[in-house]
Amino acid sequence: MMKLVRDPIHGFIEIDEDKIEIVSNPLFQRLRFISQTGLASHVYPGMTHTRFEHSLGVMKASSEIVKRVGENSGLDFVSKGFVNLVSSVGMLHDIGHLPFSHTFELGLEMANKVYGLRLEDNGRKTHVHIGLRVIEEEFAKNLEKISKETNISDPVKFTKDALLDVPKSEEERLCSYIISSSIDADRSDYLLRDSYYAGVVYGLFDLERLKRILVYRDGKLQVLEKGVPIAEEFLLGRTHMYQNVYFHSVVGMFNAILALALAKMFKDGELSLPNKSEELLDMTDFRILTEVGKKGGYAHDAILFRKGFKRAKDLELNGECARMFYQVRKEAIDIMRDSDGMVVFHEFSDAPDQDPLNLFVYTKEGPKEMKTVSKVAGALGRIDKVVLAFHETANSSMVDRARSLLEWLKSTC
Amino acid sequence: MMKLVRDPIHGFIEIDEDKIEIVSNPLFQRLRFISQTGLASHVYPGMTHTRFEHSLGVMKASSEIVKRVGENSGLDFVSKGFVNLVSSVGMLHDIGHLPFSHTFELGLEMANKVYGLRLEDNGRKTHVHIGLRVIEEEFAKNLEKISKETNISDPVKFTKDALLDVPKSEEERLCSYIISSSIDADRSDYLLRDSYYAGVVYGLFDLERLKRILVYRDGKLQVLEKGVPIAEEFLLGRTHMYQNVYFHSVVGMFNAILALALAKMFKDGELSLPNKSEELLDMTDFRILTEVGKKGGYAHDAILFRKGFKRAKDLELNGECARMFYQVRKEAIDIMRDSDGMVVFHEFSDAPDQDPLNLFVYTKEGPKEMKTVSKVAGALGRIDKVVLAFHETANSSMVDRARSLLEWLKSTC
Amino acid sequence: MMKLVRDPIHGFIEIDEDKIEIVSNPLFQRLRFISQTGLASHVYPGMTHTRFEHSLGVMKASSEIVKRVGENSGLDFVSKGFVNLVSSVGMLHDIGHLPFSHTFELGLEMANKVYGLRLEDNGRKTHVHIGLRVIEEEFAKNLEKISKETNISDPVKFTKDALLDVPKSEEERLCSYIISSSIDADRSDYLLRDSYYAGVVYGLFDLERLKRILVYRDGKLQVLEKGVPIAEEFLLGRTHMYQNVYFHSVVGMFNAILALALAKMFKDGELSLPNKSEELLDMTDFRILTEVGKKGGYAHDAILFRKGFKRAKDLELNGECARMFYQVRKEAIDIMRDSDGMVVFHEFSDAPDQDPLNLFVYTKEGPKEMKTVSKVAGALGRIDKVVLAFHETANSSMVDRARSLLEWLKSTC
Amino acid sequence: MMKLVRDPIHGFIEIDEDKIEIVSNPLFQRLRFISQTGLASHVYPGMTHTRFEHSLGVMKASSEIVKRVGENSGLDFVSKGFVNLVSSVGMLHDIGHLPFSHTFELGLEMANKVYGLRLEDNGRKTHVHIGLRVIEEEFAKNLEKISKETNISDPVKFTKDALLDVPKSEEERLCSYIISSSIDADRSDYLLRDSYYAGVVYGLFDLERLKRILVYRDGKLQVLEKGVPIAEEFLLGRTHMYQNVYFHSVVGMFNAILALALAKMFKDGELSLPNKSEELLDMTDFRILTEVGKKGGYAHDAILFRKGFKRAKDLELNGECARMFYQVRKEAIDIMRDSDGMVVFHEFSDAPDQDPLNLFVYTKEGPKEMKTVSKVAGALGRIDKVVLAFHETANSSMVDRARSLLEWLKSTC
């Protein structure tokens, strides 16, 4: 029996029996307790949504997009079974996310850099690696059942290749494009969803038309020429969500504070990376919040009560200046450690044009790179930003050390 | 300096300096960790919103409504200062909510009934009583500052009288109507907000027009005759939200399971009611989820992973039948206790027409009760429902006992 | 080749080749020049939409509803071809509408009553009768092509029986329900569309869920019990649209003025009913506006420039009082004629519960009438209203005569 | 007494008594019969909206923007009276639009070019020139009344200077920016409104935030640095509306056919430019449609019934190629004339960066041009396009002549 779930973004999401089994798995239910956008709700209070809804949304969006692309492109292999498989991959693509999503990944990085630990850290792909392990251990059976009506013999390998962006076949390549490329179901869902929950229009784009202007030809996902404006809207929407929401200075400040707190928990042995799927079950926002509560102190006040920290607005770095930050990064890390986290640096960095699977435009003369066809796409450059924040009781010599570091950098860039 | 907060329901919410002080209080920030609608997100996954956003929304809505009603009715006492005071009361009206909001209140009731504890329990008004204590202890200074430009000399008393629906003056009476009556700022916000987060249209109504069709005359909040349809829409919207969301059988089942789990924590001394404001700081959803996690067992699986319980659909009681439930309530409570919570009964009951401050229609012949003027309002009766659920490993004799109880009731009603 | 049309209500509407032939017929294109809601735009300026968009919307809505109802009810005869046929009937159901839609029908009535003409007048069903003639003459071929894949041998008869609500077979009966009953595709579209263009929320309801809670059993369209709130929302939405929009006093006043102007054109031989499909092509809003412009005078000013008329607000009749109007109707008609249309009476009357095909609720004990199951549905009674308006230069004795007529009526009711 | 008008874009629009006088003027009411976007509804059927709603919307948007900019920038002269004056100018800025808006202006151009007439033609500013005449003749009194509470002594001159973009004072300059510049109230309204009626998201942007990030300094309207993304969204939104809606090839084809039909009416003496305000009253869409109806023929079929013409899709010119069209324009005009309008060329051209009042970004180093600060703004170049269409019965030698013209051009560009 099919289940219907009401979703503010996609209306009703239909979940068939095979997928109900996936949804019912505690590892999937755990996503209810992983906030989609870290502490962005400290600035946009509506953003309380979680990876759970997002995962259902990606399932729906990927199912619709891959079906359409198959039709648009006359691809025989895009059967009903294949659509089911791709949307299952979409559904599972975030199964490995750790508490507060990317903020946890930043915490791992801090643990290694600030405290010299040697934790496994795959950067922003950490959740993918953990997820693939979980999929292999816990969802292989589900994927095998679902892929029966396709010619994919090893759906776990299929999922791995697709999610790691190293496709080995046409099928894997298309799946990779649909779930994990410049214009994909993942981004489609989060742009719409994050905009909705934040209450902004920045990330809105025309999903109904998007599905209709994508084709898969010559091993590439391509935008029809007439669809270039739709794609531009999508790409600019993403950039604007970064500028206004994900990379909001105050959002970044709180995420950095939380990341440092996580790093300290690792150092103090209060937190460790999950080795088995079962251990992952325990990795939830609420557990972290409880730990933060127990430790008390200024991080507790900042994370739970939004209290105590202030940004040095005058020293915010942008663009080229921010890219120069690597010159002082080591010293900044020292300051964070020496100040016991009461002085915090946060780097933002996004380079949308470095996706491994680039976007192409379908023209009579063959595929052309999107950013050569569209000036707007070409104009969407990197976003780099550095934010500095202090706790109000931070040691003044530490504060001075941090300030002069950035002042010096500002004077040279 | 004023702050702007983006809100999906009201656009931008402006918070002036006096109110920033309130918002910055950890007791107010705590509301970020109190889900607005208990475990409704187990059915409507989008409903992850909290009492924090809602409280800001009520502030905004009450500010706009009271200002308009003052203008519509030519009330001199509705000055800028008074509007500020009323909206501060609006902002604070939920400050005493406990984890998972009304579900916690149900937990208190279960603790007393099922386990014979003697906890303070004011039913669905518990959060108001706790809130008033907190307001007195922690926010008196804020309210005094805000009420300086009014002729309210004791704003804490003002707040108490208004929120307990026992107004002693015109000013208190109007405030009571605006924050806590049939058509008020609280309901205005939650109908729109809960609809938005659920992704449904049930609770939508015309807030812009509502403000324009309310007058305060002869000590009563009254709807202009031409505004009756707007009010009907509001009232039916509320009823539909109850029928489809708040009183959804599965939502009720999970809330009852959580309430029983809370009751058990009280019994086992793992949870106690906050005596001081400071203790309230520790009352958050995440703390409860962590406790639930620690206890493990079937409640843990149900609450965290949506696992293990099934409704007895064939035995759902409605209307008159449900109202007869009081005849077997004692036995039902025994079963819940004896089965260690693996058999759960849940009663839903709402009687919208029993608000202490009734709604009136302003007519040439004087105020008339809404439900006599509007057949639709008159038709909106009580909603009563009883749901029975079992854990899949529940003792079969317990299950039988529960089933036969309801079967007998069904045969007599 | 299929065509895609962007629609604000339904997103994209897909039109297949068979239906493109229908849309391309000038008789269908003519609907672009028939305003959906008469002169409602004189009060709600956004309501400039036409029967053209509405007809496409009904096509889409009827296609989706009938398909779902077929699935929900296990009806074998609801094949792809049958869905196509029903949605074609939906698409054509308004093909006979005359300029300004129902206002023209009121004009016909006025021509007969005020000026004693003997024009064919089927009241609010006039457009259906004209439409059926047109369908027979011009669209028979299209319907035959479309119905080839069904077992409907005479699709024109099928259409007639369905649209006149005199179904002779199961197929016709279901079609009749889908296009023309209490909860149907026609109303579904106009409630959503008129709300959208007016900028109000009154008529919004949950179309996605509506489709899922309708079944066709025992020759009746029935609402599942759990769907009763959805149906209530729909029915109340309709009532509210009548109260606030369609039966808005000022909307009524302008429509009555236009209707009288049309009646005069009939009398003066400037207008006649179309005898043949070809003559229908000439029946457009713009033609009428041009004629109104040519005649000049106060009607011209009122219709084109919203000028010169005022309502007697104190004499508006409602409910029982309005139903008594029949006692003075003859005299009112005389006044309208004698004042040369400078004094205008307008009666509004709607009785939603007199649909020939009543709505039922599907219960274990068999179908029950909606209004016996739902108190809300039962509370939605007739709406009756009478509005009186004068031109500012109307002869004062005429005005007095009109006023005293209503004053007398008011004193007796 | 104030009036409230419901508007789908801005909610309620409040119209005070002074402005009710303006709205009640038949010259303003006439705007109800001027479609906002020519024949765009032949492609986007929802786009039936008119200059009337748009004018009210610009009134509202200009009122809000100018008030905010005054506050943001500490401008003393932005008093309540000044806001009223600016919003009155906003309200009247389109009062001179002729039937089908810009399509009529194209008709004038065609009359001069194709038929050698010598009609006054100010291109896309024609409606401004006519409007200013009307304002001087008919609305001077209104503006004088409204400007009493300002220090503007000659509000008609003020309006002229502002709308012709030749401001002589700070006040005029600000008004010019608010009503008629790159980011202004006019565009704000039409981007949101046209998107709404078309049912697309292309033109959506964040009006609430836009108001908050504009300042007027050093004689320039400037975007705060943090507001650059909002401005980019606006500018890209406008570009996308051009690409997808205003410059849609089929929209252009129908507008060109109508423009040629208008040109012919001028030639045949059936149409003339209004010399006096009174004559303007007669210039409405419905009059033109009636004239088109009377003339019959293929233009009639195309304009009323969307019949008979087809684009030469293979010969559509874009970008550089389209800009080369000037080389063959003379010949193209000959073909249009010689084929009696059965062969139609249509040029689209928009260069958003040539606004007389350029947009600046407010930076510490002083104002910088938007397109130098924002790569996205810099990337938004000209749009140029040429469309060719034939009537299905067009003389084949004419068709060949037209085709070879464009084929030659394509081969050279």
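In this document, chain identifiers A, B, C and D correspond to the written order of the chains, with residue numbering beginning at 1 in each.
Just so it is clear, a contact is a pair of C-beta atoms (placed from the backbone, for glycine too) under 8 Å apart; a residue touches a chain by one contact, two chains touch by 3 or more.
Protein names from UniProt, one per chain: A, B, C, D = Phosphohydrolase.
Small disclaimer: the values here were computed from a predicted structure and weren't measured.
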Could you quickly compare A-C and A-D and let me know which has more C-beta contacts? A-D
Chain C (Phosphohydrolase) against chain B (Phosphohydrolase), contact positions shared by both copies (same if over half, else different): same
With chain centres set to the mean of the C-alpha atoms, which chain is at the far end from chain D (Phosphohydrolase)? B
Cα centroid separation, chain C (Phosphohydrolase) vs chain D (Phosphohydrolase), in Å, comes to 35
Report the inter-centroid distance (CA atoms only) between chain A (Phosphohydrolase) and chain C (Phosphohydrolase) in whole Å. 50
Separation of chain A (Phosphohydrolase) from chain D (Phosphohydrolase), taking each centre as the mean of its C-alpha atoms, in whole Å: 42
On chain B (Phosphohydrolase), where are the residues touching two or more other chains? 11, 200
What residues of chain B (Phosphohydrolase) sit close enough to touch chain C (Phosphohydrolase) in their complex? 200-202, 204-206, 229, 232-233, 236, 239-240, 243-244, 375-376, 378-381
Touching chain D (Phosphohydrolase) in the complex: which residues of chain C (Phosphohydrolase)? 5-9, 11, 24, 26, 29-30, 32-33, 41, 44-46, 48-50, 52-53, 56, 196-200, 282, 284-287, 289-290, 293, 301, 304-307
Touching residues on chain D (Phosphohydrolase), where the partner in the complex is chain B (Phosphohydrolase): 4, 11-12, 208-209, 212
